[in-house]
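Below are the structure tokens for one structure; questions will follow.
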Amino acid sequence: MLKPNENMRDHERQRRNQKLARAASVLGASLRDKIVPADLAVRLLEAVIAPGDRVCLEGDNQKQADFLAQSLIQVDPEKVNRLHMLQSVLALPEHLDLYELGIAELLDFSFSGPQAARLARMVGKKQIRIGAIHTYLELFSRYFVDLTPHVALVVAQSADAQGNLYTGPNTEDTPAIVEATAFKNGIVIAQVNELVDKVPRVDIPGDWVNFVIPSPRPHVIEPLFTRDPAQISEIQVLMAMMAIKGIYAEYGVQRLNHGIGFDTAAIELLLPTYAESLGLKGKICSHWALNPHPTMIPAIEAGFVKSIHAFGSELGMENYIAARPDVFFTGPDGSMRSNRAFSQAAGHYACDLFIGSTLQIDMAGNSSTATLDRISGFGGAPNMGADAGGRRHASPAWLKAGEQRRSQQPGIPRGRKLVVQMVETFREHMQPAFVAELDAWKLAEFANMPIPPVMIYGDDVTHILTEEGIANLLLCANAEEREQAIRGVAGYTEMGLGRDARMVENLRDRGVIRRAEDMGINKRDATRDLLAAHSIKDLVRASGGLYQPPVRFRNW
Amino acid sequence: MEWKSVVEQLCPDGHEVSQAGNLIRGYGRCGPHTVAVIGTTNHTEVGVELALAMAAAVINVIHDYPARPIVFLVDTSGQRLRHRDELLGLNGYMAHLAKCVEMARRRGHPIVSLVYEQALSGGFLANGMMADVCAALPEAEIRVMGLAAMARVTRISEERLSELGKSSPVFAPGAKNYLLLGGLDALWEGDLSACLMDALQSIDTTDHRRTLGHERGGRMLAYPVVQRVLASA
Amino acid sequence: MENLKYRFDGGTPTRGVTAIVGVLGSGNLEVLVEPVALGGACEIEVSTAARGFGSIWQAVMKDFFARHRVGDIRVSVNDAGATPAIVSLRLDQAIETYIAQGKSKT
Amino acid sequence: MTHSYYESSARARIAGLLEPDSFHEWLPAAERLTSPHLATLEQPAAFDDGVIIGRGSIAAKQIFIAAQEGGFMGGAVGEVHGAKLVGVLERAVRDRPAAVLLLLETGGVRLQEANAGLIAVSEVMRAILAARAAGVTVIVAIGGQYGCFGGMGIAARCASTIIMSEEGRLGLSGPEVIETARGVEEYDARDRAMVWRTVGGKHRYLLAECDVIVADSMDEFRHAIVAGIDNGDDWSLAALEREHQLLAERVQRFGACKDGRDIWRELGWADPEAIAMPDNDEFVAAAHGHRAKNI
């Protein structure tokens, strides 16, 4: 006689076994070991996905399980419907076609970059229901709590007949997804670019994988982190100088994460020149949680960098990474092993500083990339750009920031992560970066969100850096000072023009606001000549010819 | 108009002009003059082969017929828009043709061109626009690019461009506008051979187009600007 | 297109040689500085592709004059949507070039 | 100040190439010779209409110079812009400088001044040839971001000598124009590597469409310009006939090639892929004997 709880346990397992039996009968002799021919992909999906299933479709801001996405939209909505989709990133049109076709109805996700506008339109027309918008770490975490996938559709570079997967340098989200699915009665299907006798290394063990489909085309992958040095402006050089001298050197920042914009690319390219000239080599920027930005090559070659752990890889950087196993995490095959979940955790807990750009900052220091007509989500920035309340180990930068905080708000000694927002006061087309109210409020109202989608909360931000200077919010005694400190670097935006000039001068006297000249930086020195590379080609040369940029970035 | 009928009207005293592909080549007699005829037809695009063939024709005239006038008959939809022609350096072939025309001029060949059908930008620069006298039939179409394409590139609406075209010859296509701007010496109507003989009487080997544009009120700055450069310290 | 004019009185007459700085390209501007007897005033003319930013230009120019307090000069600006940061940078470069050229010529 | 030619403005190029303080500008910005047609279209008009002209000295030789500013409307030629170029060239016929130096960076005809722009480009072509016929050496340098295209690509090839950097591009129809007209299968303008294999400095040098290739630095350009002045010009029927022969051979030899790499292979490069990366000196050395003949 079975006990009731054992009955429940068996239910899930039986359900999976029924699905696998259905798949076996549909595929018949076409199934060899775990290999399913591409032309049977749709039938396989119909066999293993039941109405209402939670389906995780892999895809992030770089690699995409695009063939499986294209197959999923071809299933018969009579058989497969009401799906609850789990996705790190909505990147492909198919990801939203699912809802128009009546295949899926509910979505939990993290980031939607390229589909943000269409997603907003579909939410407006009630064609799609959003469960929640997460950070990457939150979404991965929920896979292990209440959003465990019934079926995971993942992507890898190659596989063998036993289903061992090789992801190459773009391992990214795959381990987190597969682990949650495979160990909780789920089914894992992988699309691969090629079948091999023996994978170069096992990134996902074969007994965690149920089916492998050789894709007719290599999966889509985006070079998201390549910034052409030719496009860095002299204003960005000036801001980078302030970041290095006014923050990195000031706190002795050794462990950090950078955003992906041109502002931070400028910092990377100033390390072997400007930072070196200040004698900072070895004193700052040794350890990174970072994608392999091509603009890091000169700093790596100059001996600035001791280690980089990456969320994902970057197209064209493969050979360079393989040649620098002293810096990057690489496998026995020579290629990098990335892991988004671990790198996000590293960025949150092991880094002393996050610096990145944003679209809008309000007078409390809250920042958001939300605009009215786009639901773009969060990605990883909120976890990078947040003080890690659970952190206990100390470092000089962390302690100094904590000390500065306690100078204004006494409390028990503890440290503080440095969270820096780096923005020009106006973006292109004269869009102000400083606003009275974030567009996030209106978006929340429009999309019926419980709270406005704030990327980084004001109380997590320690510094705001603009071309006008640095506001150190740690040193502000109260909300009023904080607001004036922000206005004091908000330039000619309406918020900046509305400053209390006397109070701003007082804050400057106290070092809460620092201008370039206060840091001993001559604005005339802020020229592109300071950049360690002026073009993509310079980066290739710095890499000794190992970096092979995608054709769209080349001019030779 | 068909090139044959144009040639017959230009050279009523007989001609030996033939077509090979889209190239027209030969000579004709017009009153006291024997003129070399070189041209294109079928609104052809000018690619490397055609530019080279026209250049060969010019060099041939220079060699074999000293001082013989050259008449270019222009009908082209522009330079050939092919990757392959760009790969081979189409601009170099066009420039070569222009150099041959200039060499002919310097060696005493009067150069006349007649746009009898269509003339577009790149295809026109290297021959027709190199002439001492550049003329067009009144119905000929001359332009840089179509109004729609121009609207797209300049981000100015087509309506606004055609509106502007009414008050200024700069914006809109058309032979009349090129006349006003000095880009054409004359529109030829009626007795074409008389027009040609007239042109051959009044050859001026200096580039007088900015003067014409100024006199005709279509291009008021080119002339004075050049004068000011010449007069600067 | 929008044309804006500003005049600041009470500057120090500043000798120099006509200077031009910058390029009228997207997100950029060109600044021309010329010596003109204006009784110590500084006159500024702006021609900009972006409409509706008069108050920002006013503030940028006021700060520019406060920084340099130059008189007897005319500043002419052609703008293609530059941000205030770029505008301020170019204005400073233009004045510095104007003064430096004046010194090298005397 | 940057030493990169590519990154410099037109004014910075003049300052970087000529002897210090030797440049005397004609019709400078203060003259406000702006385009009336842009004013009609309510578009901002540069004080110098995007081209700077004047005289100066280089290696103790008096030359005339014109520099197009690619940042302003892509260096496109309008009525005033073109007339300034023509003025320099005609003045050279009268005053006989050691050379006229044209620093070209242009997309060709300024479409906002369509008809006037086309005639202006034609006038520049004729003025270049008239100057050469009168014995004035005309040197063209191409190494800016916007390349040298359209009718000005033809005008450039009317000069005595062309100096390019690898970053420079020279052609007639730009990639976007061909892609728009014929589709992405004909010419993928986003494939920048392919674009450079078609119109970039190294390909143009191997094809002998430019005479000299230099690294992207003011010093290198200056040295090549001085050498160009010393070499002078050969405006003769014989030279023209040699050019004709070489151009005819080019069509025969490479007419069926689909890609720059096919041409390079035909020129004897064992590994055409290896052409992109070497620096300029290495490339020029390797190109010896593997380059189309120059007149």
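Every chain is named by a letter (A, B, C and D) in the order it is written, and numbering of its residues begins at 1.
Following the convention adopted for this analysis, a contact is a pair of C-beta atoms (placed from the backbone, for glycine too) under 8 Å apart; a residue touches a chain by one contact, two chains touch by 3 or more.
Everything quoted here is computed from the prediction, not taken from an experiment.
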item: B-D or A-C, whichever has more C-beta pairs in contact; value: B-D
item: Chain nearest the global centroid, as defined over all protein CA atoms shown; value: D
item: Chain B and chain D: spacing of chain centres that average the CA atoms, whole Å; value: 24
item: Mean-CA-position distance for chain C and chain A (Å); value: 43
item: Chain C and chain D, separation of their C-alpha mean positions in angstrom; value: 33
item: Approximate Å spacing (C-alpha centroids) for the pair chain B, chain C; value: 46
item: Set of chain C residues in contact with two or more other chains; value: none
item: Touching chain combinations (by label order); value: A-C, A-D, B-D, C-D
item: Footprint of chain A on chain C - complex, ascending; value: 27, 50, 53, 55-56, 59-60, 81, 83-86, 89, 92
item: In the complex, chain D residues that touch chain A; value: 1-2, 4, 7, 166-167, 190-196, 200, 202, 276-277, 279
item: Parts of chain B lying in touch with chain D, wherever the complex brings them together; value: 48-49, 52, 55-56, 59, 62, 79, 81-96, 98-100, 102-103, 106-107, 121-122, 124-126, 129-130, 143-145, 150, 153-154, 156, 164, 168-173, 177-178, 181-183, 206-207, 209-210, 213, 219-223, 225-230, 232-233
item: Chain D residues within the chain C interface of the complex; value: 9-11, 21, 28-30, 42-48, 69, 71-72
item: In the complex with chain D, residue positions of chain C that touch it; value: 1, 18, 20, 23-25, 28, 30, 32, 34, 47-49, 76, 78-80, 104
